[in-house]
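Pasting the structures in now, so scroll down.
Two complexes come next, and they have one chain in common, chain A, joined by chain B in the first and chain C in the second.
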Partner chain A sequence: MAEQIIEIENLVKRYKELVALDHLNLTVTEGEVFGLLGPNGSGKTTAISCILALLQFDKGSVRVLGKEMQPDSYDIKRQIGVVLQNVAVFEELTVQENIDYFCGLYITDKKERKQCVEDAIVFSGLEDFRRFYPKKLSGGLLRRLNIACGIAHKPRLIILDEPTVAVDPQSRNRILEGIQKLNQEGATIIYTSHYMEEVEQICTRIAILDKGRCVAMGTKEELKAMIKTGEKIHLEIWELKPEQLEEIRSLRHVYQVDYREGMLEIRCSGGKHNLVHILDYLARREISFGRVYSELPTLNDVFLEITGKELRDSAE
Partner chain B sequence: MFFRLYIYSLKQTSRQKLIMFWSLIFPIILGTLFRAAFGEFLEEEVIFHQIPVAYVAEEGASLAFEETLNLLEEDNGLVKIVRTDGEEAEILLKEEKVEGIFYNRASAAEKGNVSLTVTSQEMSQSILSSILEQYQRVFHTMGNIGRENPAGIEAAVKEIGQQRQYLTEGGITDTPKSVMTDYFYALIAMDCLMGVSMGLQIAINYKANLSNIAVRRVASGTSRFGMLMPDLAARITIQFLCTVCSVCYLTFAMKISLGNKFGLLLLTTLVGSVVGIFMGFFIGAIGTYKESLKEGVCVCCMMLSSFLAGLMVGGMYRFLERYAPIVNRINPASLIVKSLYSLNIYEGYERYTQCMISLLVIAILLGTGAFAMIRRERYASI
Partner chain C sequence: MQVFKVFCKVLSKHKSSILIYIVIYLMISLIMSRSIQQTGELKFTKVSLKIAVENQDQGEVGKGLVAFLEKNNKIKEVPADQEAIKDAMYYQEIDYVLVVPGNFTEQFLLGKTEGILEGTAVPGSSTASLIENEIQQYLNTVNMYLKAGIDADRAVTLSSEDMEQQAAVEFLEESDAQSLPAGFYFFQYIPYVFLVIMILGLGMVMNTFRDKELAARNKCSAMSFFQQNLQFILGCILFTLGVFLFFMITAFCLYSDYMFSVKGLLSAVNALAFSVCAASVAWFCVQFVRSAPELSMMSNVISLSFSFLGGVFVPMDLMSDGVKQASKFIPSYWYMIANQEIQKVESLAETGGIYQSFLIVLLFALAFFSVGLLVNRMKLRTA
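Now for the complex of A and B:
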């Protein structure tokens, strides 16, 4: 059975009146890419700070690699790599110097460190920017440097706190691919984000946070299975009468209909051939339509159903 | 690991243009401006203002001391003697018209003993005290030689002649000294204390609530102490080198005479730099206040300390010595100034050593306090 890398029990953290973490319970198993998904202010970064023993908390316990995490738990910290939400590099050191500096806080052997630094540079695609100072790098490259500094020492557990914020799509894809590669090489990953697509793409297990509480946890399939929505069908219809809307709503498996600005969105709860039934109805009523597409529920739908609000709206 | 982190810390700090400006360029600019402003005052090498001192001699008292005083007054201009009786001398001292009273008594028990009465412990009084000490040393030496080895009296007289020449030619030491040199001592003290910025930066790099780099460092597998030592060593090295550059510039380019004990002068700047760095480190380690606030406090402390040491207003040291002497005992800039002063005024190293010990005690207290604050620190919020 795989080892529990992180065990959080009943964690409570308050900022005066605000409850940032409300009896949070989490476990992360070795080898997984664990996603912490939630809007800004949901408690993701606070949870990470508690895991790293940076923040005092009011109640609960945090165990990392089987031990209680303390500020001086250096034996545990040596096995953790941290990539922060904000870029944390020295402006006065070059790309290579920065990676070497932070790698050297974990690895003292010169030869081994040199190899690790080289691997990190290649991994993050910064070969052509070794002697560049951070201020000369673009936003995407800077983020890659930030990641390289956090993972150069090849840690067993890597914590990435929103590493793709304000990153161009090309760099974002490269970062996500890199994270998957690190996981394949054996690292356990904790990945926080409010971008559900990223979490869906790379995470093997996901916890959805809202107001400091874990509202749902499981694989993405498990999470999607928790909600009523099984399929979303979108149709472009120029004119639709209220009684027709009611008839659509009464179709089998349809439980929610929303018609706005010429777009009809129909949510169906499981069932097969939903689209066929709807198209059949439109043909019978001689209702003309344009584009039609169907999609499976996303994590946003999970969040929406559980919390009553959009993940993206909350995030921005 | 220490050496590698030390080298990186050196690189990182030395590439910070703003810090290098304040620690290296600004003191040089200020020194140049001082030099331009004081101009000929410095070239005249005025030794001191004459120290007014009352001289009360009883009838039948030894003339040797009076003769020594005459020489110091006439040949050297070091003292201005007011010959008077005991009562009037005390009135003069009370009214601060003289800096001290030399009593030359004739009584059997006190014959040959000259005493000095002063009301404060300032520079002038220290000089008068040194004159008396030197006289008494010679007086007793002669007495002993006369009793035990009359044959050596000739050599002893020769020695006295040299001592007298020494007193008349060079004052307390033979270092030429301008009154304006005090400003340059204060400038060197300020330069040392410029290290507060670097010290503050060290602390900020351990404050996870103030800096992203601190989060990464604190979350790393190296202890805070293990990271702190190279940081401190590197910053002290850079601050010390900056101060050495300033001192060399003043000495060799500006031709300011800062004394002959260059090695000890550099030792003073090293200890001063340590205090400056630790002061900033301590301020930075206090609480969870914003970095900008801490920067402001650092600048205020540094400027206030320099002001109290006489950087902006000459005679501040004397003023404080009279009305609040404790300030001079705990103000790092005043201690640096006093140690430099002591080096070039007094023959012995007692006062210099006292100042150095005081500075080291301050540094140890600040450093220990700061480390105690950041050790195992966790935050209520980040």
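Now for the complex of A and C:
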């Protein structure tokens, strides 16, 4: 049985009146790419800070690699790699010097460190920029340097807090491939992001946080099964009367109908042959239509259905 | 020693701005000590002027006046015409042209003193007033004897004798320039340069390591917080000592006589105490800035204000009592007090009050460090 890398039980963290983490429970198993999703202010970064013992919490427990995590748990910290939300590198050091510095905080043996630094440079594709100062690097390269600094010491657990913010698609793709490679090499990954497609692409298990609580957790498929939407059907219809809209809404499995600017979106809660039933209805009523397509719910649908559609602007 | 190595690398990135301040400081202290010493050597010089005299008077007073002027100045012939006079004055061949009219003695004996001599000088020149003052002094003396009922011949003779007399002047207190060694000026400006270097150098490194993201990453690492702090403090101590030693070696090279004396030794101890205090001030300042430009601005504001208020740039004697009272709350004041006291010391046995100043400077260091630590803790709590 795979080892529990992280076990969080009833974790509570308050900032004066604000409850940032409200009896949070989480477990991360070895070898997983664990996605941590949540709107702004949901408690993702606070949870990560508690895991890393950067923050003191009010209640609950955090166990990492089977041991209680404390600020002085250096034997545990040795096995953790951290890539924080904002780029954290020394402007005064070159790419190579930066990686060497952060790697040196974990590995004291010079020979071993040299090899680790070289591997990290190759891994992040920074071979041509090793003598560059961070100021001279593009946003994508800077993010890659940030990752290289966090993973150079070859940790067993890697925590990546939104590592692809403000990165172009090419760099993002490279970063995601790199993360998958690290996972294949044996590292357990905790990944937080706002980009649903990224999480869907690389995470094997996902937890959705909202208002400091874990509101859903499971694989992509499990999460999708949790929501009402089983299928989304889109039809291009030029004219639709209100009574016809009501008739469509009353069809079997249909639970939500939205008609806007000539596009009809029908959400079905499950069942089979939903599209056939709808097309059959349109033929009977002689309603002409253009493009038609059907899709399964995405993680974005899961996220919005679970956390709601209202804007979240509070600071985390 | 990862933290220590990065400490040095970050510091080396700011070496150019530190070097600029060192060079400026050395130049200023050298120029100041040299110029003050030179002005001290040229405190009094008797000036002999070139006067062209045409005496048309055959009387006693006229002859006496010319004879008197001859004793202290170089008498030359009056050029032929006005144009030649102007040329001679322009080329500084003569400083003054004096014409004693034929009826000068007669007029003078009748009691007339104004407008009976014709004098020409370069307009606005100081030499004109110097000569006119000399002539006036002589004529006043003659006039005094005449009024006392002494005849003209005798009055001229007595006046000439009087004017020859010279008074011996003795300074009760020697000026600073004469009494203070050149090394004093080197140490006088130390507070300014130490504050600038420490705030710029140490402050920049501290500011870098205090960056929220970098600090979080360091905290997450496997190197203990104690180890990291230890290496950082080692960097601070070595930098402070390095700056102190650099200035002491420079002082030994430039003012070896001074440095090998008791005064030099005490000045070095005074500078060492202040370097510790300046490092502490740097730590304090860093708590209130968020960027390098802010820190650079603060280094100038703090070093200049501490220097001006502490009497580094302005002598304390010129400060009002109110300002002096306020100055007691800044370390540079006590450094300067010690620096002045050191100049009166001849042996280590008579250093009583100086140690008290050293101690006050070190207490300031402790105070700045403690307040900085407190602010740091409060910021961490509210972060």
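Everything below uses one rule, namely that the second predicted complex is superposed on the first by the 308 of 316 C-alpha atoms of A that agree within 3 Å, B and C clash if a C-alpha of one lies under 4 Å from a C-alpha of the other, contacts with A are read in each partner's own complex, and residues count from 1 in each chain.
Note that a residue touches a chain if its C-beta (ideal position, glycine included) is under 8 Å from a C-beta of that chain, and two chains touch if they have at least 3 such contacts.
The structure displayed is predicted, hence computed values, not measured ones.
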- Would chain B and chain C fit next to each other on chain A once aligned, or clash? clash
- Go through the superposed model and pick first if A:Glu97 touches only chain B, second if only chain C, both, or neither. both
- Task: Determine, under the contact definition given at the top, whether A:Gln56 touches first (chain B), second (chain C), both, or neither.
- Result: first
- Task: Have a look and say if chain B or chain C is in touch with more residues of chain A.
- Result: B
- After superposition on the shared chain, which partner residues are touched by A:Tyr106: those of chain B (first), chain C (second), both, or neither? both
- Check whether A:Tyr74 is in contact with chain B, with chain C, with both or with neither, and answer first, second, both or neither. both
- Classify the contacts of A:Tyr15 with the two partner chains as first (chain B alone), second (chain C alone), both, or neither. first
- Query: Just chain B (first), just chain C (second), both, or neither: which does A:Ala88 touch?
  - Reply: both
- Item | Part of chain C, among the options 3-11, 57-65, 93-101 or 147-155, whose backbone runs into chain B after overlay | 3-11
- Contact residues of chain A, present in both the chain B and the chain C interface: 52, 54, 71-72, 74-75, 77-78, 80, 82, 84, 86-90, 92-93, 97, 101-102, 104-106, 149-150, 153
- Message: For a test of understanding, state which residues of chain A touch chain C in their complex under the given definition.
- Response: 52, 54, 71-72, 74-75, 77-78, 80, 82, 84, 86-93, 97, 101-102, 104-106, 149-150, 153
- Query: Mind pulling up the chain B residues that touch chain A in the complex?
  - Reply: 1, 4-5, 8, 11-13, 15-16, 208, 211-213, 215-223, 227, 376-382
- Of all residues in chain A, those that touch chain B in their complex: 15, 45, 49, 52-56, 70-72, 74-75, 77-80, 82, 84, 86-90, 92-93, 97, 100-102, 104-106, 108, 149-150, 153
- Inside the complex, what are the residues of chain C that reach chain A? 2, 5-6, 9-10, 13, 208, 211, 213-214, 216-225
